[in-house]
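Each of the two complexes below includes subunit A, the first together with subunit B, the second together with subunit C.
Then we have the complex of A and B:
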């Protein structure tokens, strides 16, 4: 999308420090997602003799858990499981939101009513409870949980996109496009969408943070991530019992969830602001 | 005694000095007009006198009201107690300056209570509010109304009553009538003039409209890019301008041009031309409201038809029905001998195009100028290589193609909108208030461009405007609309010089501003 290109004057301005730090955090997190399994191929290696070591003992920087697994290795390797799911959830619900929200907001009429009732229905379901019930019925599993959360996250995207599209549809530039007899698809996706992009992307980033927490909660509750997988939420559940023997085993994954969620939020906010400035007065 | 004295007032912003130091005085009971185009610094100067400069702007200098110094350039706290009581501000749009959720009476009462420092008893309050409303010639029951229940003119009267509620000595009126219809404009200014005389008030009137200033102000300051280029008695400055910028402003004003007779549209022989489009018996209703009652209108090939009327007269709805953006409920619209069904689906881009009023929202802010024009050219099967030619046609340099709309001025944007409308080679160009959002000098340039295009391309124009003076400059024939009906139509010069209908006469009088206030002295 050409809309992302910032104007010349603005591209030279550095983002605020909080955003720079957040970007660094996200870069490290993504590095862990990509390289985690290569850096710590045997993260899940159990060593009963060194079970529950405190940080620093026997060469384990953050200690080990009940099964003698190295906490540092698991936390790095767990990034993939903890982050890939939420990112896919946020992107997936954004795609659903853009398609259905744009159709509903531009076409209005019966299509809008049908999509509207559908979002009402989904919004009435408590996300976690629905995920637990459906996960239980379908036998759970990582990808089932991801698919389910995409569906449950989509109503807010649909509504936000719909509202943004409706606002834009009333502008004269859309009528000018109609005067050129452009196809409705061109009007919707070439004219309107770039103007709601800031909204869509900001919301997607917020959803990454929400999904990260929701996904970790589900892992914590034993839905979604299979036992024996390196995953931050899973670590929280497994290590509750040894909280006083090796606090790091619980607090490190918990802190990672919080720090990454906050960083995603800050960066999302900043991107949203930048995008919404592109079309504005210099 | 001198009312208001301003010495060395200057405003600096992030981009340097916006207003060069200047002096001025406004004796009690007189009006000073501050004239200039948008961006000239006139609004910044005014806002510095009430401590409302936007963030990043700083005022310096001194100003006194009745020998009491104003805290020019000081912080917000210093202005508390000064705003409203010594200096009050009247804004352009009464819809945004009044709170939409509170009753008008309450909004007037707040200012009075704030000035008195205590709440009034219910009866005392009702009487005080009624007295203020009577001063602006509004009935007592308006106090119970919310702003949206009032017309634009009534809202601006309420705003005046609220601004004057704490009896300030200086009233700054920033384009107070720009958002109103022509007949309301004159009434509001005459009202202000009357109140000013009664109260011995000093008024600073900010405007881009020379016609309004004429006969309603005592002295005038002309500002160009932050510098006062001319000052003096209003009648002297307008009749004998010394500075070229003042002269340019006066020449560009359509009323002045029309008075001189030089602005009349060049007579084009239209007899025997075939009808390009005609609308017969058009009826349009929105819910229970009928906005068009069997309206007829026709445009010949290459003809410029002006449609005038106040807001709510149905002129824009008629144009939108012809364009297919609105579906008429009755009547037929023919184009080049063929009947068009209501709506866009039956129309093609090479039949008609619209240029809208607001050049800021009629271009997609996310697209470059090149992309905007290339898209419109592609509709007619023309390539993007014609973009520079389109820009040249509307008098813009080719380099502008890589910019986005936000980087252009209002006039440049309107030129782009015209180029986009011309790209599919339409036979009819509908201009819906296309010049009313622009400064007078830019307005004159765009009008010149449009009439030049008619000669060059043989295109017909349907020119919608509330401003008779503008229509007079460009149109061959004129249609006068009121409350969804055509009240008069015919040859433009004839209708406007010898109006047959009372309403047309009223419009003509309002537009030439010859109904100058009694006692205000005509220039």
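Then we have the complex of A and C:
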């Protein structure tokens, strides 16, 4: 007991400052996602007279873009498009990973080989290339791109869950559960799953950051988000031409992408460390 | 083992080639119109297109003829550029290869030593800086870094060109520096992480403790560990490559470089399907071959595996 106490005490201590700041950043970003459209209902309002104002001019704190839209309002309103997609991508890929990875790791046999070959195939394709080609040639919209990225992100989740499940399946408590002739679904999802949850959650957080970068890269290239939409990646492309007249129109959305991605990465790493500590204590 | 690995790679490529072939049929709109592009649509040209793509044959025959064309180096014709696809790719492959080489060299020179020092002095200030840089490099999208460099070098520090590919030789090289740095940041971030993790694991291995116990110098010990750490780093090559493919498109688009990335981007927007098919397949083949080579590099780096494979096969 005494040996355990210091670890407990440490885990109750506040997280490091960088993580606290990151959590605050994420809270603000989520607030912008939820409240963006109420805070700036006329973010998309165009005004040809105030086209491309520099920051501070005419009451526009960050200036305006080529169509006279306020950059500050656009950037807050753009949070929804830039963040909802990546979150759904990470969660969707996690769900796919949990289902297919658990089946592959617990059932083994032909199901495992089929799922294994499927992940091999998806891993042979670079995410961005596949998304550009499929999205561009088939002309996919926002949700098609999200669906495509869920598919392309899933192999890493499947592999991680599969490895975790295989490791757990060999343990005595699973043998005991099998002896009690619990149904295989009960064993898989009530007994094994909670024990691989820490891996799954950590990977999901890191996937949010990757998805944010990938998704904004695609909107920068014009895939997934229509021209003129309030979306951080799209704003960068749309405003490139006026970069030298109003740098804020490009660098504010760019900085927002970087800051949010860094915050997600730091929080993800921290959660990963916390969960693996808890695992060691148990 | 090795034979199975090669066969597996071939199988994956074969399945991909079917998917890529099917792209022609999955594109929205009328197939013949897509293949005609901007050319005038009259019975003669339509008949020519149908003959050129064997559209009157069964789909399986079409695929086999297409595959045969690929294997004999006939990748079809670009409807946008009106030249054979091989020519369009050949004209641009150099600039992309040079940019990737520059980025790769820069990132290896900086990231591998940084990763090693971070692991050796884990928790020290080098480690913290390395960690901060790698989180930043992974979080900053390539185009955001590119646009920032473009702005700084166009506005405040006009010593390097920020647009286009220059006119050959040294001038082109100068044009490749900024896109190269842009790519190198993301690449370096991945490499620092890979090297640090691998090196940390090796430094905890028994042979390192033993080498220290025998009184070998710290330098020698570190070199031993680095050799062991090389394996996971080389395996990570596929991760690096996947990043590189996407990054190339973004860096070239940002700096308007006439390379393969912009060729892909333009062809996708124009629905120039023959070029898109050829480039996608090219990337898939390159990735598959490099993944295979990485597995072979294993054998060179770790003598233990050579025996194990000998037993398995």
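Going forward, the second predicted complex is superposed on the first by the 264 of 282 C-alpha atoms of A that agree within 3 Å, B and C clash if a C-alpha of one lies under 4 Å from a C-alpha of the other, contacts with A are read in each partner's own complex, and residues count from 1 in each chain.
Here is the rule we use: a contact is a pair of C-beta atoms (placed from the backbone, for glycine too) under 8 Å apart; a residue touches a chain by one contact, two chains touch by 3 or more.
From a predicted model like this one, the values you see are computed outputs, not experimental measurements.
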So, does A:178 touch the first partner subunit B, the second partner subunit C, both, or neither? first
Exercise. Does subunit B (first) or subunit C (second) touch A:262, or do both, or does neither?
Worked result: second
Practice prompt. Quick one: classify A:133 as touching subunit B (first), subunit C (second), both or neither.
Written response: second
Discussion item. Going by the contact rule set out at the top, does A:227 touch subunit B (first), subunit C (second), both, or neither?
Written reply: neither
Look at A:213 in the shared chain and tell me whether it touches subunit B only, subunit C only, both, or neither; answer first, second, both or neither.
-> second
Subunit A contact check, subunit B vs subunit C, more residues touched by chain C
_Which superposed partner A:195 touches (first subunit B, second subunit C, both, neither)_ = first
Query raised in the report: Which partner does A:17 reach: the first (subunit B), the second (subunit C), both, or neither?
Result: neither
The subunit A residues in contact with subunit B across the complex are 2-3, 7, 171-173, 175-182, 191, 194-195, 197, 278-282
So, in the complex, the side of subunit B touching subunit A is made of residues 323, 325, 344, 347-349, 352-354, 356-358, 361-368, 371, 375-376, 379, 404-407, 417, 420-421, 424
Contacts from subunit A onto subunit C in the complex sit at residues 120-121, 123-129, 132-133, 136-139, 209-210, 213-214, 216-217, 220-222, 233, 236, 240, 243-244, 247, 250-251, 254, 257-258, 261-262, 264-266, 269
The subunit C residues in contact with subunit A across the complex are 8, 12-13, 15-16, 23, 26-28, 135-136, 138-144, 147-148, 150-151, 154-155, 238, 241-243, 245-246, 249-250, 253, 264-265, 268-269, 271, 273, 276, 280, 283-284, 287-288
